[in-house]
Amino acid sequence: MPVRRNSHAALIDDLVSANHILCAEGIVDGFGHVSVRDETHPERFLLARSMAPATVTVRDVMTFDLDGEPIDAKGRKAYVERFIHSEIYRARPDVQAVVHSHSPAVIPFGITGTNLRAVSHMGGFLGLSTPIFEIRAAGGPATDMLIRNRTLGAALARSLGASPYALMRGHGSIAVGDSIKQVVYRAIYAEVNARLQMEALRLGPINYLTAEEALGAMRANDAVIDRPWDLWKSKVRKRGRRN
Amino acid sequence: MPVRRNSHAALIDDLVSANHILCAEGIVDGFGHVSVRDETHPERFLLARSMAPATVTVRDVMTFDLDGEPIDAKGRKAYVERFIHSEIYRARPDVQAVVHSHSPAVIPFGITGTNLRAVSHMGGFLGLSTPIFEIRAAGGPATDMLIRNRTLGAALARSLGASPYALMRGHGSIAVGDSIKQVVYRAIYAEVNARLQMEALRLGPINYLTAEEALGAMRANDAVIDRPWDLWKSKVRKRGRRN
Amino acid sequence: MPVRRNSHAALIDDLVSANHILCAEGIVDGFGHVSVRDETHPERFLLARSMAPATVTVRDVMTFDLDGEPIDAKGRKAYVERFIHSEIYRARPDVQAVVHSHSPAVIPFGITGTNLRAVSHMGGFLGLSTPIFEIRAAGGPATDMLIRNRTLGAALARSLGASPYALMRGHGSIAVGDSIKQVVYRAIYAEVNARLQMEALRLGPINYLTAEEALGAMRANDAVIDRPWDLWKSKVRKRGRRN
Amino acid sequence: MPVRRNSHAALIDDLVSANHILCAEGIVDGFGHVSVRDETHPERFLLARSMAPATVTVRDVMTFDLDGEPIDAKGRKAYVERFIHSEIYRARPDVQAVVHSHSPAVIPFGITGTNLRAVSHMGGFLGLSTPIFEIRAAGGPATDMLIRNRTLGAALARSLGASPYALMRGHGSIAVGDSIKQVVYRAIYAEVNARLQMEALRLGPINYLTAEEALGAMRANDAVIDRPWDLWKSKVRKRGRRN
């Protein structure tokens, strides 16, 4: 179980930073979202109202229950796809934070069924394979591709299984982690790993990380996770001051 | 028929913003243009004078009739290719806004005859295929590639047909929509979709969106179109303040 | 013969702007250079002292004769490769400006012998083929790849022939034009065309511009060359003010 | 032996600049490091404490001995992988500076066993081949991929041999040089060369630089190494002032 050093206010501050970081690093644009489990009420989670991540402030953070229903809406509109978050938190007690994005480098893997896996130590958390969620299996051939109810959210959570990352065919991806820092790291470095794997596949057969190498690398990177987080945070703060 | 909440001044403001957004998002450079149908005179449309989109101001917006002739030139020079806009507005009463650009990711599809189609829900509006306009069919083997008269404009509009998007071989593309927001969205996400499709084609056969999925996704995205628009607009405003 | 509206001071100002633009647009980095023929002494040309283009000021501009010798060195060090410029001005009386760069998209064409040619109207000036200069033919198998004397410069000018652009194998490229604006346009859009051609070659056989289309497009773009120039200039000015 | 014009303070200033430059040029992100041999104590080297390179200041620079042990820790935490540096300085008396990074373009070469070599004069220092370090050969199939002790550092130094650059399979790369300026140049232009080689390999067989061309080009570039350095330095200074 992760250490929870943050007060609730600090957790919300980190969630706001995560929104800005994910946009600054090219993981989200006008779309995509990041949530965190409420550290004092594990059956709740925090997620911004329906808006572009780059412009989220503390006042935009709402609280939801595990059915995906807002507890404190106060007139604020929720993301249609909040069920991604609620059903993952329900299925995965180990998960403390979730990112959903359309980051571009991973999408070609999902729509061609190519196995996304660790090619470099920074992507060690990906291990030997990444599940791909096919919405047609759960929702039939004529969905609008969105996870707009509990049923689809639960099907996505089943595809994710015990993995840290899953592709959504024709849509995007989800990353999960034991903290906001870790899930932001994973969302960013899954994208980096996908770019490296894509380029390498053009050169020839890849010498992938072994399961042991991937696990070892994941643990080593988790031990220094403050380093990239502090850099990303300082970049969005500077940008904020300049604007 | 689209709701028209904007006064004429607000429409012009949005058109100016669209010019700046399209440059900031890499869809236009020194070339390319965006127009909107005059909401009070449907047989007219608004388009900047011949200049780089990034530097367009309210004072640069001219009004044209459906022959592509300026109504209020006042010494201002019109784009050579204004007939792209006039003939599409003539042929397509449903169209309220048009973007013409040379955005780079879609051009390789046009010059190789590769079918650009929806690979992800953000590009749902592209559906199952995108028409390609071949200027040689209308103008012969020795044009300068530009849509510099009504005849070529009408041929382009025929190629477009009822589609939201068309490629122009060896030149660029056009996007049409029922509002400035929608056409800007389409110009940007056609480019995103093309990059994804290009990368995926290198990995193997693509699991494309079905017609139903594409249509559903298009409607779902249209319902939240203010979200990316507000983000794009805030970005060009910040940039403007900083300079 | 090109119209010469600029006074000598304005010509130098444009040359300084061209240096900054080429860096801002990714054509040059710490290396590369741009020159202009002296409009009052056609047997002379203007070129910055040996330095990074981004930091060139009016005080850094030197005058050279057609042997590549500085006329007003005043202790300033000249580029080793100034003979690129001097020999092209000698061989091509029609040329008023020259850019040498290592811009990345065109280099793969030179080192694989792939024919760089117009795939879109913006690259119309490239026509049906681009010559490739092989320094081994003129300098043997053990040069340092640089055009460091008149002999190599003359060989390069012969490879260029009457073309607007040439590749230098394992090194970079040269663009020539009838004005600073035109040569900057060509340096930038050769790069754009190379990126488009590279991507398209992966999709399948390309429907290239015909000779007539390329020529027509070149003339059409030359007629509006102030438009991209003004945009590029405004961008480097804004950047200058912000720093 | 390289000329040492810098006082110790100037050397530290250059090391801090190198940290910032490598981040600004996309060679390092939150990870990666650069060191320099202590010019007055060749059995020591200078390296920042464990932190993101972009935020390194003079106060963060520590001194290490050739066993990788800090001499002046003062509570500061050292990089886990400092043994990359210590063992290279031990094995290579000619080396005055070392960069370790995960820069993305070279990694696909390492994981596919593709030979990275000079395709353009700017990458001349790469010569005809680049060694690839396989950590499994030294550390077995279950390392965490990091060079976290002297044994692994020594194995890496043996793989490097007399080369200026080496790939680390599934991890990144190292560049070495006779000065901070040279090693930064090499870290940046190895990346540029890798991008060019990758693109060219898709077009067809490459006409590589000969050994003589590569050597000549390396010497020619070393002679003007202040030029890119001054540009990179001015860019990070401007950025610093703006923030």
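For clarity, chains are labelled A, B, C and D in written order, and residue numbers in each chain start from 1.
Keep in mind that, in the parts below, contacts are C-beta pairs under 8 Å (C-beta built on N, C-alpha and C of every residue); 3 or more make two chains touch, one makes a residue touch a chain.
In this text, all values refer to a predicted model and were calculated from it rather than measured experimentally.
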- Task: Can you grab the rotation angle between chain B and chain C? Superpose on CA, round to the nearest 5°.
- Result: 90
- Query: If you list every residue number at the chain C and chain D contact, are more than half found on both copies (same) or fewer than half (different)?
  - Reply: different
- Most remote chain, CA-based centroid, reference being chain B: D
- Message: Centroid of chain C to centroid of chain D, CA atoms only: how many Å?
- Response: 32
- Message: I'd like the Å distance between the centres of chain B and chain D, where a centre is the mean of that chain's Cα atoms.
- Response: 46
- Note the residues in chain C that touch 2 or more other chains, in rising order. 202, 242
- Note on the structure: So, in the complex, the side of chain C touching chain D is made of residues 29-31, 50-52, 54-55, 80, 102, 104-105, 107-109, 111-114, 141-146, 169-172, 198, 201-202, 242-243
- Message: Help me check something: in the complex, which residues belonging to chain A touch chain D?
- Response: 118-122, 124, 192, 195-196, 199-200, 202-210, 212-213, 216-217, 219-220, 224, 227-232, 234, 238, 241-242
